[in-house]
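Read from first to last, the chains carry the letters A, B, C and D; within each, the first residue is number 1.
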Amino acid sequence: MQTPINKRKIFNDPVYGFITIRHEVIYDLIEHRYFQRLRRIKQLGMSHYVYPGAYHTRFHHALGALHLTQLALDELCAKGHDITAEEQEAVCIGILLHDIGHGPFSHALERCLAPGISHEFLSELIMDSLNTEFKGKLTLAIEIFQGKYHKQFLQKLISSQLDMDRLDYLVRDSFYTGVQEGSIGFDRIIKMLEVKNDELVIEAKGIYSVEKFLVARRLMYWQVYLHKTVLCAEQMMVKVLLRAKELAVAGADLFATPSFRYFLYTDVQREEFDSPYSDALEQYLRMDDNDIMASVKQWVYHDDVVLRRLCKGLVERKLYRVELFNEPISDLHVMELREKAQKQFAVSDHELDYLVLQGSTSNSAYNMDKGNINILFKDGTLKDVAKASDQLNIQYLSTPVVKYYVCYPKESN
Amino acid sequence: MQTPINKRKIFNDPVYGFITIRHEVIYDLIEHRYFQRLRRIKQLGMSHYVYPGAYHTRFHHALGALHLTQLALDELCAKGHDITAEEQEAVCIGILLHDIGHGPFSHALERCLAPGISHEFLSELIMDSLNTEFKGKLTLAIEIFQGKYHKQFLQKLISSQLDMDRLDYLVRDSFYTGVQEGSIGFDRIIKMLEVKNDELVIEAKGIYSVEKFLVARRLMYWQVYLHKTVLCAEQMMVKVLLRAKELAVAGADLFATPSFRYFLYTDVQREEFDSPYSDALEQYLRMDDNDIMASVKQWVYHDDVVLRRLCKGLVERKLYRVELFNEPISDLHVMELREKAQKQFAVSDHELDYLVLQGSTSNSAYNMDKGNINILFKDGTLKDVAKASDQLNIQYLSTPVVKYYVCYPKESN
Amino acid sequence: MQTPINKRKIFNDPVYGFITIRHEVIYDLIEHRYFQRLRRIKQLGMSHYVYPGAYHTRFHHALGALHLTQLALDELCAKGHDITAEEQEAVCIGILLHDIGHGPFSHALERCLAPGISHEFLSELIMDSLNTEFKGKLTLAIEIFQGKYHKQFLQKLISSQLDMDRLDYLVRDSFYTGVQEGSIGFDRIIKMLEVKNDELVIEAKGIYSVEKFLVARRLMYWQVYLHKTVLCAEQMMVKVLLRAKELAVAGADLFATPSFRYFLYTDVQREEFDSPYSDALEQYLRMDDNDIMASVKQWVYHDDVVLRRLCKGLVERKLYRVELFNEPISDLHVMELREKAQKQFAVSDHELDYLVLQGSTSNSAYNMDKGNINILFKDGTLKDVAKASDQLNIQYLSTPVVKYYVCYPKESN
Amino acid sequence: MQTPINKRKIFNDPVYGFITIRHEVIYDLIEHRYFQRLRRIKQLGMSHYVYPGAYHTRFHHALGALHLTQLALDELCAKGHDITAEEQEAVCIGILLHDIGHGPFSHALERCLAPGISHEFLSELIMDSLNTEFKGKLTLAIEIFQGKYHKQFLQKLISSQLDMDRLDYLVRDSFYTGVQEGSIGFDRIIKMLEVKNDELVIEAKGIYSVEKFLVARRLMYWQVYLHKTVLCAEQMMVKVLLRAKELAVAGADLFATPSFRYFLYTDVQREEFDSPYSDALEQYLRMDDNDIMASVKQWVYHDDVVLRRLCKGLVERKLYRVELFNEPISDLHVMELREKAQKQFAVSDHELDYLVLQGSTSNSAYNMDKGNINILFKDGTLKDVAKASDQLNIQYLSTPVVKYYVCYPKESN
């Protein structure tokens, strides 16, 4: 009398307790090697240098977002909205695969190894490929994912300023980093979900939860995602990849795993990914954190002083010193830092760009232009949360905060 | 070799794990009947009508605030600030006794039974009385408590916008109500405490935690402390007490426990409390939630229709209906409600004031005028958090939010 | 399009997050004054003297057990078992009302004020009364509750060694006392539930969870429910009630709330409860913790030295000293303690029984004779958990542990 | 006035909140590349295949064990035991480095790549090497670690059946796997620590916590560490390494990172590690999870059918099917499985040993022969916990449980 095991797979999750897989196709997608690969890609790239608990993977995040999506669908159905079994399955597929295109250390990789090829582009490509393999079972999911389905609110569960992706990553990242202040009331937010005019909205009594969510998100950005040490490590990784590629192009010999080598020594163009069975895509899908780290570890012993210093920094956690400012950094200050570094390492002006790293980063807690959060009042009216809050000035939260950084080697190492 | 048990008492606390009592005098104060009485006074009065987990007591809150104070003192000492053992003990006594003057359902009681006699006034009176009994051992504690001691920052641990009282009650109330979004990063805030110019301040990197604290506090106010149903229950209790006193003065017979009767049938003046051994004080200290509830329960069967309806409301949770508005309520609307109630209950105009309750409530998340929160920057400068935040407009949070309510009996009961 | 609010009531629960009420009749039962009364009866009577967080109520426990029952029913349905909507509602009613007959400090009360009248007897009486009031809507629930329904496994959810009552009280009591070691994996146990031969059983892979549950339960018994200080307080309460009744019968004047007075001054017989509208039942249903405590507090000032000492002990937490032994206590030792107490208090031999309290308590973690826990193996066979465990000797856990205690006043107070 | 940042480093820990580093030498050891390397070695090797949250590292575990050791030392000092500042620092160093010798997937590695070279042996070697580098600052720590110091109880904090290593790994592994039932009351156990006759013991009132600890540990073994799927994955990794080495010895070309290649292609003898600056040790210390996984991933495309199947199994989570029994498996059954596999893969008899894996595993919850747990009664007597428990038959828990497994490829992949 028991349902076949295949259909009722349960995952243990420290965050939510248990995650139940309800659809067979979901189960099969999880088993697919493209998805299994996400087990080897950390969700938070470099954040573990500051938060040693933050080793959770994109695999786990995708499962978590799936779980929240199921809860949200249950809630909306219980409130009387008509969502068919097919639509439910499709939304679940959509959220499960929303990040399938991510590679290892994506932010660094996208900028260096295959410029112009974003993980969003790859996600859609991979979904298409999977759809072929699954004989069209993902068609509706892809339609919803791309916002082409007539029930727009379904897509908002996957992508908006209060989507299940964000909900899960905030909850999960705050859990694994131990930054408890970043935690949000995901269960209450889900209980407050409603649909009005084909929009996903929040009931008025949930407004404080939304405020709290925005402030928690802002905190997570500055305390975790854009923490100055994390920022520095990420910039160093970017520079490692740029330098390695530069050396490779110049004909230097660099140890690398085969797939990583493919991207180091080839000038991959977007077109080369075009077919779902392209070599470029296959190599991309074979790469994960292990490829990068196994190679970077080796480069600690490379001849190139610049590459060596950067890699040693990442492997032995001898990171650069970081300075963070609210205003643009004076050229004079940067010049002084460059001079010092040049003395220390005896490198060319060009090479100095790998030692003294400069840039800016920005974030806004709320974006008034895209995927807004609307509040539903008892009289049926809707208001943007930025205008609905009686006190917290959310309009302020929508002004981007920009910070300027400079990173450079400490003198002692 | 073991320290006598008396000196190392440990309390289990679901919130913090274990609370260790370090000072013998603290232990003796906890054992005193004045303090034991706080075991029978709920911290959140009426909130359990909405949050059925919220039965924690003032006793437990006082222990919790003591625990956080000990952690804060440890932190400040570890940072090199000189705080003597005597001062530490005194601050601990101060926080332990900061609410010792609270009676049952204080907010209702203070306004009705002994008008003009605040719990703050009573706290100081009781501390004096205890000091006599403890032969002066509380002298320094009282000095600090009253802000008369030369190290001002010590008092700020007991009373300011970021004192250990607030930290504990937010953590504890959010824990027991289950409103997890009200939780704050108390441990991180404590790690960020510093002293500068004899002020208690927060290190700059703790600014997001302070923002989060203010938003969480705001959420707790509107979602718990001033939740419209809680508000309604509190107003009904106020009216119960006013009506009972009115009837008592008029000579009616009302069941009440002896101490409660004392306050019902006597017109107690502030002067009567003056001596620490006054009859008024003794009766006050014998009263707790049981006295009020045991009496109110009986009044469900009283002849007076108004008292009966109010008491039945509290005992059987047949609360009035509440309407909450952001603007003052129109006289017309109130008049209509009064008319309906008059028809339903056949009461006089004066009695209608017990059936249709009207008023306003307000809260500001941050107060720019008193006990400010100052942020300490690396260059040694201090800034009010309202000005230090780079984005969250805390100045806005300091504007009081006012809400207007009207409560009235449902027709069905 | 939204379901009427009445049908989707949500309670905040610090333990489970949210508890959703799914059936209208459940909602109406919760609103009934018989059930609301459970808000004023502490689940753990005296345990808060040791664990100051333990003020949770029977009201909250009943909601929690309801929640777990709903989860268990969901799980069994998902596994393909056929449970009709009517049956589900009935099981939910059964678990909601399983403890409706409890009075304040039940264990003390049952033995003293109305001997021979158990809370189980009263529960059934009250259910009958409610069934009349609810026009037969509880009939199926009562049938299941009494084990008269043909699907026996439904009753096991309400009453067996692994019922939802136990699951909730262990989780909840460990949560509120802060004895985290008493926590159990309720969610995993529920996921492992199965039905076989009309029995509620546990899948084989859940066996470690059951072992853990039994050990946690054992720990909760000795560390919380039968903690020696809790035991002492309970015995003191028993003696308070016995003494008060003795004095009342002898014609002494005792302050008491009217309902409590009814039981103090009347010799209530079981027959008097017989009708659902009996005076005895009505008085019983008006009583709660407030009646007892408001009265006990007054008796601190009574003339009777014995009553005074006992009540002062409970009110000011000047509890007796307790000694706990694994073997029966020697008469000699007890005699010495009685002599000392007689000198201290100058009381008669009869009165000494109120000052030196003696007795035994026992518990077994598992009971092999009643409501057994059966394990379901993959080949379809069932085994009692006591025999199924490959190592933990659960048969041992079924031997009752007996402990002997004696309590007596400390000399200092 | 603030202590230099270097001395008061704080780590965020999702498990304990904050971990404070108190000693400068500890800080410097954490910064050392030998220790930083533990960031890239998962604590639970293969368990994430079953528990997708279990990616925590040996780095984090070492910090956690350090934290608990500091708490335990505080507790013992507070109880009046004399432990000098030097001794405290030394114990902290000892616990921090207790696992420093672990390599990636240690259990597999030790048996295959460098047989006879245990991580314990390597830990001591590395500690010696660090001691030289730190100019003797680790001498006392090593003495304590090796049990040569006259205060024996200090070593028991690092290594016994209730040491801080076990406490942390049970807490941490249960946290990250989400197997909440494996959680233990570490804080209560630490509060119950005492020293008697130079032994580390537990106060009698902590006995239930010890029972709970043993049962939780047993549960963690069978549910996590020896979970049949985890077991299977580990055996597959063992076979991968054995096959790879076999192929390497036979002259096949295998992609591998340089350090890993060193161990694949060299027959490393124990003597070669002897000097702290040996090439063998240096190569060992350069290896981590990335080396193994980056290589294994590549072998999915190797010519050898056996290696290919095994590696594909690990990389794409196409694990073998596992059968687990309480008795030895019949030869007949294994023969049948081998025949089937031979048909499917067309391999030699020798190669079949890589496809049908057979063996046994065992665990006892308590070991009566080594590092016993003694309970201290109020009269000063000590008893082994196995005899002190009044009911739970811990002697039973000390009988090892043996389970027999056979793993083999599913037909479908």
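We take it that a contact is a pair of C-beta atoms (placed from the backbone, for glycine too) under 8 Å apart; a residue touches a chain by one contact, two chains touch by 3 or more.
Please read these numbers as outputs of a predicted model, since none were measured by experiment.
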item	value
Set of chains whose contacts include both chain D and chain C	A, B
Comparison of A-D and A-C (more C-beta pairs in contact)	A-D
Cα-centroid distance, chain A relative to chain B, in whole angstrom	43
Rounded Å distance between chain A and chain C, as computed from the means of their C-alpha atoms	50
Cα-centroid distance, chain A relative to chain D, in whole angstrom	31
Per-residue overlap in chain A, given as positions that touch at least 2 other chains	17, 179-180, 188
Arrangement of touching chains [line / ring / star / complete / other]	complete
Parts of chain C lying in touch with chain B, wherever the complex brings them together	11-15, 17, 31, 33, 36, 39-40, 42, 48, 50-53, 55-57, 59-60, 63, 175-180, 255, 257-258, 286, 288-291, 293-295, 297-298, 315-317
Chain C contact footprint on chain A (complex, rising order)	1-3, 8, 10, 17-18, 78-81, 187-188, 191, 194
For the chain C and chain D complex, residues of the former touching the latter	179-181, 183-185, 188, 208-209, 211-212, 215-216, 218-219, 222-223, 326, 365, 390-393, 396-397, 399, 401
